[in-house]
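Below you will find the structure I want to go over with you.
Just so it is clear, A, B and C label the chains in written order, and each chain counts residues from 1 on its own.
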Amino acid sequence: MSESASHTLERQDFDELFGALARRGYTVVGPTVRDQAIVYEEIASSAELPIGWTDEQEAGHYRLRRREDAALFGYNVGPHSWKRYQLPPEVRLWRARRDADGGLTELEPEPRTAPRYAFLGARSCELHAMGILDRVLLGGAHTDPADRARREDVLVIAVQCAQAGNTCFCSSMGTGPTAESGFDIALTEVLEQDRHYFVLEVGSERGGELLGELRHAPAGQHERAAASAAHDRAAAQMGRELDVTDIRDLLYRNLENPRWEEVAERCLSCGNCTMVCPTCFCTSVEDVTDLAGEHVERHQRWDSCFTVDYSHIHGGSVRASTRSRYRQWMTHKLATWIDQFGSSGCVGCGRCIAWCPVGIDITEEARAIRDSEAVGDARP
Amino acid sequence: MSADGGTQGGETRIIRTDYLARVEGEGAMYVRLDGRTVEDVKLRIYEPPRFFEAFLRGRAFTEAPDLTARICGICPVAYQMSAVRAMEDACGVTIDEGPLRDLRRLLYCGEWIESHSLHVYMLHAPDFLGYPGAVEMARDHAGIVEQGLQMKKAGNALMAVVGGREVHPINVRVGGFYKAPTRVQLRTLLEPLERARETALATVGWAAELPFPEVERTPELLALSDPDPGSYPIDRGRIRSDAGLDIAPGEFDEHVVEEHVEHSNALHARLRERGSYLTGPLARYGLSHAQLRPLAREAAGEAGLGPLCTNPFQSIVVRAVELVQASDEALALIEAYEEPDAPAVEVTPRRAVGHGATEAPRGLLYHRYEIDEDGTILDARIVPPTSQNQLAIEEDLRAVVERDLDLPDEQLSLRCEQAIRNHDPCISCATHFLELTVERG
Amino acid sequence: MSADSNQTPAKQTSAKQTLAVWKFSSCDGCQLSLLDCEDELLALADRLRIAYFLEATSAVAEGPYDISIVEGSITTPHDAERIREVRRQSRTLITIGACATAGGIQALRNFGDVAEFTSIVYASPDFISTLSTSTPISAHVPVDFELNGCPINKVQLLEVIGAHLAGRRPRVRGHSVCVECKRRGTVCVMVAHGTPCLGPVTHAGCGAICPAYDRGCYGCFGPMESPNTAALSARMAELGSEEIDLVRVYRTFNAGSAAFREASEAHEHEPAGGAPA
């Protein structure tokens, strides 16, 4: 963070941001309260932000709580992630009709454009998750133009965490809590006795242009120090920890660890962890025909390695047991992902812990496997 | 069909249909004639019993709406509404005004629209136009069937928004709803409901022109009567008849007895010391004609329907009038809707007996529960419209056979089936209920 | 009963396949779902010949039938015979709904004393002929495809019929309701509200309606492909479900399915069939 790039924006001027984004044709997606949680939806003003709300998170547990102040971003990540916009839950890929000669004619090719989104409120772990998902979807030789279109032109206004939740462990994964890059503007919210303001850092030319439309001032030493203190506070509050030392080889050595049996007793194989994970990218592609057999559509939907069908190949599912499915998921996320995409698939956001209906904790499972080696009973 | 020796009056003639079509559930018809005398008339309900009252015992009072909905896939909302009213009655809670009651009425309108459209266009109309079913009818009258289906779809859409889904809605609970729909959600229904209302108005005129056999029947009519003089009975009110009965739902048990007869898996209901009665659209219309919405009342008048309809074959016109009523009312309820502060009120169980009576599309549906202080159901009694109507239907059958004695068997049989369908019997409901056989002697 | 003289084998695409719809013990809701396909019904009738569907038409054609759709469970000796005849007459037999696939809500009798049940509902129980159990169709005859739900989802029903006509596998997934719920973007009622929910052990297909209406899933689509009811029950107990609640929640429309039956029995400490005192 270069100190010269710091600016301040007062709370009372915050809605100028919505105005500036609207003028530039952006649809703003940001945090809002719905059904007793903070979710990401299209919003049009700061009034729709979770003003004065925070959350309490534990394994299998999430509750909204009132804050004593009127913070706009005083919460940790909720059930939604930006994956909904990078890789939507359900997409029609194409549709076609059958011709008289039995051939197919594609109807109105699906538009390759998406609304021009501005993501407001992305956290550091989420910026890393977006980057990881981009590598998965767009990093290879063959990419889907629709995936690419959804990412082009997205403007990111990050929010630096000023607190960490009980299920957070981004510090362990090296993905936070403070965002260093991957945003157009990053803001740190500061609430003082008689002043509510944001310290802004510009991360791109676009961000700089946008800033130019807002009533801002250069950040002074006091304001920069306040922002920095907020970042430190988040780092100090990290609720969980995952020791990633040698983790790839650790998991490769432990494919037959009895711990997988034990977690399978508790695991519902419901797939919630994969659905809330901001990097899990498994989808299935399914064809739908009409009754007359004249019309066909191909849909892509979120799927999960926890379903039986997902690993169904000729002859049946290759991962018939919950043991093998949980092992697949965790080993992929923390180990084989490194071989496949050059980084861990986990950003330490803690969603899989909070949103597991029975509270299975990936940090605890990883620790149990590591500890079993320390005791020396699981090593060949 | 057999001619048995030993009779003096002439030969025995039997008219029977073992599997009645275009009714909900499984029933049969049996008529036996001895010469020109109708000896026996039976609407047989052979669909196997499902024992709802028995397994409701020991369940939580909060489970009654979801469990009893499964009595009938055609009118699950009726079951849910009678159940919640009975439980609220037991617990001393009344939801008689405000958005929660409006939402209940709105959901109920959806079921009336869906069920009546199904009956008018798919089950009943083919009788008058000489088709075995709506699909066959669509080959010659595609536009008519199509508009009926679209009206039905509007009713289903209403149930899906307010209730969560069309069959066995999930959003109804004792005390109100799990989640109240937003104004914006409800307003998406305005357009399809406006079209449904137009179709319903056209349906009244169309149905009135159908060829009706001239049959006059004047059974005792029994229906709810809404205390609001501007409100047609759906979800509340006292139980009244045109012969002077005027009782609270809680007195139903004292006045209506059910008996088990060998030919039916449905219980036959009758008014104590008075006998058979009729519930359903003809009864509601006859008793509450003045409470119809002006649009529905005018439509009935223009179709030449007086304040009382005594020809059961014309029930199709009355149903069409009720389609106008339900779609017009649904639109008014949506326009006036204010989202409630909470989707339900608190209902605390206590040891008590509760009664609930509402108007299912095919007639009065009565529930009675006895619950324990912790809300456990100790006893349940459910009287569906079709068991109440079974005797009146058999009397209609008798009247029709006596009138049309000279028709050949096949035509007489069709006429008899039609006489049964006039009342839209729901046999799945009544089993606790139906099979027709006509023996001619 | 032989096929019509000019009936060609099913693989010949030119001939219309025949459809029969059968009802056994049920509420009619699942076959109503077919009539609820307002936009597709006439197309369906165009694509298939409706040979037997009493609720919709009095025209009855003799078998055999290419596709039989069966609603309802077997609860009488007569029906146990009838389903064998239906099977004999049907090339493909598809069962629809919780009654046909798991015995339905009337399978609650399987846990109690039928003689006693009969006397509660009917004053003269001597007239009633019924079996002591309600059983799914698959307990009596081989079934080609089972579609879950109380009621079934009509879009899934069209998919099953459409897939059959196209000669492909129906796209009906056996995973949890949670997958649908998360796709829909619904906030988990169990994690965020503490509401007990059967979603994690329940077969997808409804579209995850209940959590979207702020209530827990009540399992009307029956058990999912790999239900871990023990782990879920333990969690629901932590959230405040009593033993009796756990018995009740699994003992509804799919009480006759093995997974839900066993899950309910695991929490039943009263004499079988007895109401709690």
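Quick note on the criterion: contacts are C-beta pairs under 8 Å (C-beta built on N, C-alpha and C of every residue); 3 or more make two chains touch, one makes a residue touch a chain.
Just so it is clear, the model here is predicted, and its values are computed rather than measured.
Contact topology of the protein chains: linear, an open path with no closing contact.
Farthest chain from subunit A (centres taken as the mean of C-alpha atoms): B. For the pairs A-C and B-C, the count of C-beta pairs in contact is higher at B-C.
Averaging the CA coordinates per chain and comparing them to the mean over all protein CA atoms picks out C as nearest. Annotation: 52 Å between the Cα-based centres of subunit A and subunit B.
Subunit C has its Cα centroid 38 Å from the Cα centroid of subunit A. The distance from the centre of subunit B to the centre of subunit C, each centre being the mean of the chain's C-alpha atoms, comes to 25 Å. Within subunit C, the positions touching two or more other chains are listed as 214.
Looking at subunit B, no residue sits in touch with two or more other chains. Taken together, the subunit C residues at the contact with subunit A in this complex read 40, 43-44, 46-47, 158-159, 161-163, 165-166, 168, 171, 173-176, 178-179, 182-188, 190-193, 197, 199-201, 214, 224-226, 228, 230-232, 234-235.
Residue ranges on subunit A touching subunit C, taken from their complex, read 34-37, 39, 60-64, 79-80, 84, 89-90, 265-272, 275-276, 286-293, 301-304, 306-309, 322, 354-359. Listed in rising order, the residues of subunit C touching subunit B in the complex are 23-33, 35-36, 38-39, 41-42, 45, 50, 53-60, 75-76, 79, 104-106, 108-109, 112, 114, 116-118, 120-124, 127-128, 130, 150-151, 206, 209-210, 212-215, 218, 220, 245, 248, 252-253, 274-276.
Listing the residues of subunit B that touch subunit C in their complex gives 19-26, 47-55, 57-60, 63, 66-67, 70-74, 76, 118, 122, 126, 132-136, 138, 142, 145-146, 149-150, 152-153, 156, 164-168, 170-171, 173, 177-179, 258-262, 265, 267, 343, 376, 378, 417, 426, 428, 432.
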